[in-house]
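Multiple structures follow.
In the two complexes below, chain A is the common chain; its partner is chain B in one and chain C in the other.
This part shows the complex of A and B:
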């Protein structure tokens, strides 16, 4: 399955255009039809970088330098300035012309370097002048050793699809981009263990596994661009977490390079290995602050041949909770996703895509349920009984069940298309939080009330905030609170922060459930981790990276 | 004007989103364990019939929408889907798995069905996406001696049992008019099929579904055509990636292009 990229009717029309390919009548007309229908579909690809390139309107103009947005972050004077000698060393080391993008000696390279300096949302921008693309672990090791000896700061970078500015430099750090290390090294068809290099794109890995009947235990909207090394470094969560668990469980081993060039070879392929400290766990979610992951070995489950998707509307968050409990009870082992969306988020998707909602009426909440199993008849019988039950009990008001593969994809697009729809409408304040389920949606309501009370929320251009919406992975108690704005307005941020973080801290929630901390949440780590924990993290950081050259100015 | 009795033939085919694979014996495509669903063009026919009723487009009203499918027992799933979309009842003609009917046989079967059900309008997909024959509607019109309007993109009802159909043809559209009874085959732009809602999916389980055999219609599944061989189109040669401009130049030189 190549993902669920397009949004509903667009795809539906496209699908029909494609089925018409074999029609015996009028080829030229069909070609024209395909062209005209294919066009709108294209910009709704789910790959972030693609969307980014094809819709330049998303981000008008240049991003602001991170160093200007966060004036209290100062360049660390211990780090050396890049010189021509440094560049000459790297050129000699990496050899090939394309592996070194050099803005130090070549002033024309600025345009080539820009994509590595800016994140995909264009919220963060660094002053980097040198991008290195190593092709092997050995090269990564030599680069880091040289940088460590010469006090040069570096930023490891994967697909650059992060949401918190963790993968782009703040000042003149060297970007070490992993895109050339993109090979799948080995796959065991009996155990399902995959070993791949860090720069392997998630979708490529997943398609490779699909051909073997397996599935990558992680799936997320950016799968067309993100690297699995980056996924592991940020401990990405995504859509399959409910079913397959977090990367802390599925990653069996990693190979990483420490700041001084030491190669940590822990590329274990076994599920069980109780021999001392499980050090690889430290690299999972470290955001590149203690080492650069170069290879990953991961346990992949069997791909389920039968999938079903249901989408329904509910009247209140209480009913959403009831539906979740019923789903867990009645669908148990085949339940693979339970996603929540509020009407606000769906209204934005409708507005941006112009697609017709799958349901006739509008409801305050929508849920998407996916089941995956080995026997289609068994699954649909279970799902049918479940749907009948929740309808009869009045938990669900209306809903629909995908009748074919295409409908499965279009229903998913209503959930996966939210991020992209928001990015078309202007800047968005994104909060990725985990709160006990009972109060999950309360945060959205409280935030909306607060923004409204401050007179910032409205339907016309007079108000800086367009909407406060919530959606997320209900199954993992993970909410995405998004505040969609029409323009930058310092008042908005003052209303939102630290209010949201305090709200979460009061309930022992997490201020970053799956996106990480990066630059964005640097200041706020204290809301989720106490000083003892932060102190321990700093000690670990110093042990692995005494000079602090790895991804500086980020959360530690 | 007479009330409409619409017959909507539907076919269960390999899901549009699934890539079909040729079986090892090269006699056809692999169907076992492959996801099936309603032929997309038939979805358009069902949707159009339901819309004619909902929007009250026919002056004489719609008396009956009957969906009809010949195929293995699983074909009942697509009939239920059609009923969830709004059809009133269904007829399933049991045909053994793998014993596919040829377009002429289907047309003969539909002729018998249309006469038996006293239908005065048959709306079919212009083709099914498995064999892409695009013949059944035309053959049926010939057998019944009814007028036909193929590849419809718009259907309008007028006074005195007349129906105007806009057809998509080379270089534009053509509007034809005929009197009931009539055959219409559907094309892409006719409408956008709906999602079946949960309450309707449940109601559809209680709608009548008649089970019949070919013999009930006096038809036998004789074969006039013989499939000699089914093969995949030749695989596309993959492109290669080069590291940089120098790599590109040497590659082009290697191929003798420069």
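This part shows the complex of A and C:
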């Protein structure tokens, strides 16, 4: 995107029209709006995928071992060391050469194993010497039974796209990579129920569903690599949650293998089944600590043929909340995204890309609204009426509507480009949090004030912190607080932590809205869960995995 | 409702129009349809409430003790007998006279206690002598701690509107009735998050939300009596599930008290919170067996101002499936109900009410479609276009659209009146099941064929079975199979069971779609859950309630 994008300034035009004509009819305004609205386009996953590229800063060089970054984590001496006999067993079981990457008996295999040892950010790195790629539930079961009998620790691994180090080993845990179990098994075109193996890539599942007129009820930047088993194991949130709800509501069933090899067949394909505790819910978001999900059954909605995107500026966070409420009320069933960006985050995007904002002026806050519906004309009319209404009420100051797929992507880039812009500017302290909506942005202001008061924030190189910015999924009360720095300075982290965690805990927020715990947030769970709950969780972990072989050193 | 309801035969009119004009434009047809569509009305809960009235057959006389109906269930000798000391403790704790109904020291209290001992159908009856009505979480906690320490069994009770005997005692369990904890505690008008005490009546919560422009994401016939804590504890399904999803997706948090008095504060108000196992999910549908839910936090959608209802006839269940698929595709985001009725069920309603069908002809199947949206004109246009389309394709043979709220209620009465019609005609074997959609109706046909082959089904008094009919929530694959009988005949049950349960088990269906297990289906869980899962459930029960004091003799 170079220069000012050619987005039709529909609302500005409308405002001028109102100035010129004393009493324009609501109908004629809507007609004018509708004329300006092109038939909306569908997919904008490309722009989102960009956010998922490795940035040069972290991609360069060998990653540091997690065991060095976290020296407090010690290898559990109860776990056995891998031997040639173990490897021989797995070779016999899995047969195929490609299903066993063996660095135990073959020192030349290290390079092949490295991608399974390191996360995509190159932030976490394990000492794994053996990667197993089972091709069936039965093989997963036999692997786990053997590991449990022989006290061998394992790490279940999907597309390895996690953000908290949950999918790579810390020490010499065996990686059980699910990529060979990647088949779509069943789809019911009447009910929309999809059954697939855990290693099925999200985008593959979604493209299959698209050919049937359906959509996967989850979308995220890593869709081209992540596995649906991993999505369920981490309870991925993503971009469609506002519309389709969480995986706790859409996943109908799972098949999973417990630590001792027991296969839990809960691959229910029913929307209603009130026969006992809903066990599958425990596996959703368990990050592979109580079993390995091998198959997933999920309820998929019909795909919406029509999509529209609007982008607008607002004067305060109170106005953002009013706009969100009006959007929920007026756009109701077609609202599919309501994203928030502050001026600080947009300034960084402008600085890095050199692009001009889609709006003429600058405002403290910007929102991006997306609608998805079954009738383009109806949706355009609703969106037009909504925008007119919020402007007349003074909630929104200025706005623009995408006219075609290119413009939809351009508008999304102002939201999705923030991560990339930040990574170009230097180091960033990133916090993925959830806070009750009323105080969502207060965290950014309080953090900024605190960093400023400590003399660390400024426009020149004298200050280590360049900016404290906030953006995120307003519709889900999910804030991304980012502190952009010019250089490493130990004072910055001291000002930020534990201040931010305590601030969140005081408001019953979540210190991990959608990324999970993994290695990164294991020690912070106490800020979002009380000791009673953590105690119950530990009981559950022990019940399902008494030897603790599943994804040790993480989660709890 | 007397005589033929005055429902405008819009579709019949359309068909005549097509005959008269060779090539009517699609636009003019839609315009004609829209003219015929009145502004739709909102609420039809009155008609549904009727289904929940006690029928004379069961309301008359004293209910039989559950311990006599199920002689195999024996009182667990580990539980203590209630003494005056126990009662004195509870009196001291709860203070107020009305909070303790004491039949232990006061033999005159039996009449007061009886309503808490018996379910609304008068099908289950316990021997309870003590009812406690705590007014706070702290009181629930102290009651349970005392009961756990003294091995006193308890039954948590909400509105006592369950259908499987889960909310009344079997022997002398103490009833812990939650009706005093009935407050709405908090509502966020921006996010739509409601926090209320467990004893809050569903309709009270919904009316409160209506005043704020929101809706409770659950609706069912017993809404005037049932408690939201009971709804969550039984994972109630109801009429809005197709649109708003299950409680596993909408409940954001709970507060619950464990058997030993520990308070689990998981009253999260966030849509995203990935910090450990999602413990609240275990309590949803646990029927009070692992703890007593004291507070609920739930995500509420905005209320739709526009509602439409259509009713139509179809020639086969294949056509029903096609119609459902088209409805999902074309009505998509505004579809809020898709209900199925077979001709057998409608014939019974006609027979009992004397009303004439809303359609001129008779068809093997009927469907009722409801839409709820934010724009009445848009919704009417979508619904009109959909109906025109399915008629042109020959999927739907005939249909009618409600013109106003009265007609909406009339059409719903053909669906909601089935239960009442059946109860007027004599005894009914009722099965609330879920089966993958493709085979949903096959169960009715197979059951009917089996009863017929046994010589039990016929039009005269010679045959014990009058009809085998099916209806239900097509959108949720939830079938109500009903076998209407003229008299008790032991041959009927032998023909039906275990045949029906085995038939469901073979198709991985659910023997309890939305009613739960309670006393009634405890012994049938094996038809829908394998031994591995039942074993894990028992482990969970033991972890949470080692003494087994919570709702014994039920569920597992």
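Here, the second predicted complex is superposed on the first by the 453 of 556 C-alpha atoms of A that agree within 3 Å, B and C clash if a C-alpha of one lies under 4 Å from a C-alpha of the other, contacts with A are read in each partner's own complex, and residues count from 1 in each chain.
Here is the rule we use: a residue touches a chain if its C-beta (ideal position, glycine included) is under 8 Å from a C-beta of that chain, and two chains touch if they have at least 3 such contacts.
All values derive from a computational prediction rather than experimental measurement.
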*Would you sort A:347 into first (chain B), second (chain C), both or neither based on which partner it touches?*
neither
*Figure out whether A:425 sits in contact with chain B (first) or chain C (second), or with both, or with neither.*
neither
*If you stack the two complexes on chain A, which partner ends up touching A:511: first (chain B), second (chain C), both, or neither?*
second
*Name the chain, either chain B or chain C, that contacts more residues of chain A.*
C
*Just chain B (first), just chain C (second), both, or neither: which does A:80 touch?*
neither
_First, second, both or neither for A:93, with chain B first and chain C second_ = neither
*Touching A:532, do we find chain B (first), chain C (second), both, or neither?*
second
*asked:* A:184 in the overlay: touching chain B, chain C, both, or neither? Say first, second, both or neither.
replied: neither
_Counting contacts the way the document defines them, which residues of chain A are shared by the two interfaces, the one with chain B and the one with chain C?_
none
*Name, in rising order, each residue of chain C that touches chain A in their complex.*
188-193, 213, 234-235, 237, 241, 245-246, 248-250, 262-279, 281-282, 284-286, 290, 301-302, 304, 321, 324-325, 328-334, 372-375, 378, 381-382, 434-438, 473, 476-478, 508-517, 521, 525, 528-530, 532-534, 536-537, 539-540, 543-544, 555-556
*asked:* Per the contact definition, I'd like the list of chain A residues that touch chain B in the complex.
replied: 9, 12-13, 15-20, 22-26, 28-29, 33, 96-98, 305, 310, 312, 356, 358-360, 376, 387-388, 391, 396, 398-401, 403-407, 409
*Interfacial residue positions of chain B with respect to chain A in the complex*: 15-18, 33, 35, 37-38, 40-41, 44, 81, 126-127, 129, 132, 134, 151, 168-171, 188, 192-193, 195-199, 201-202, 243-246
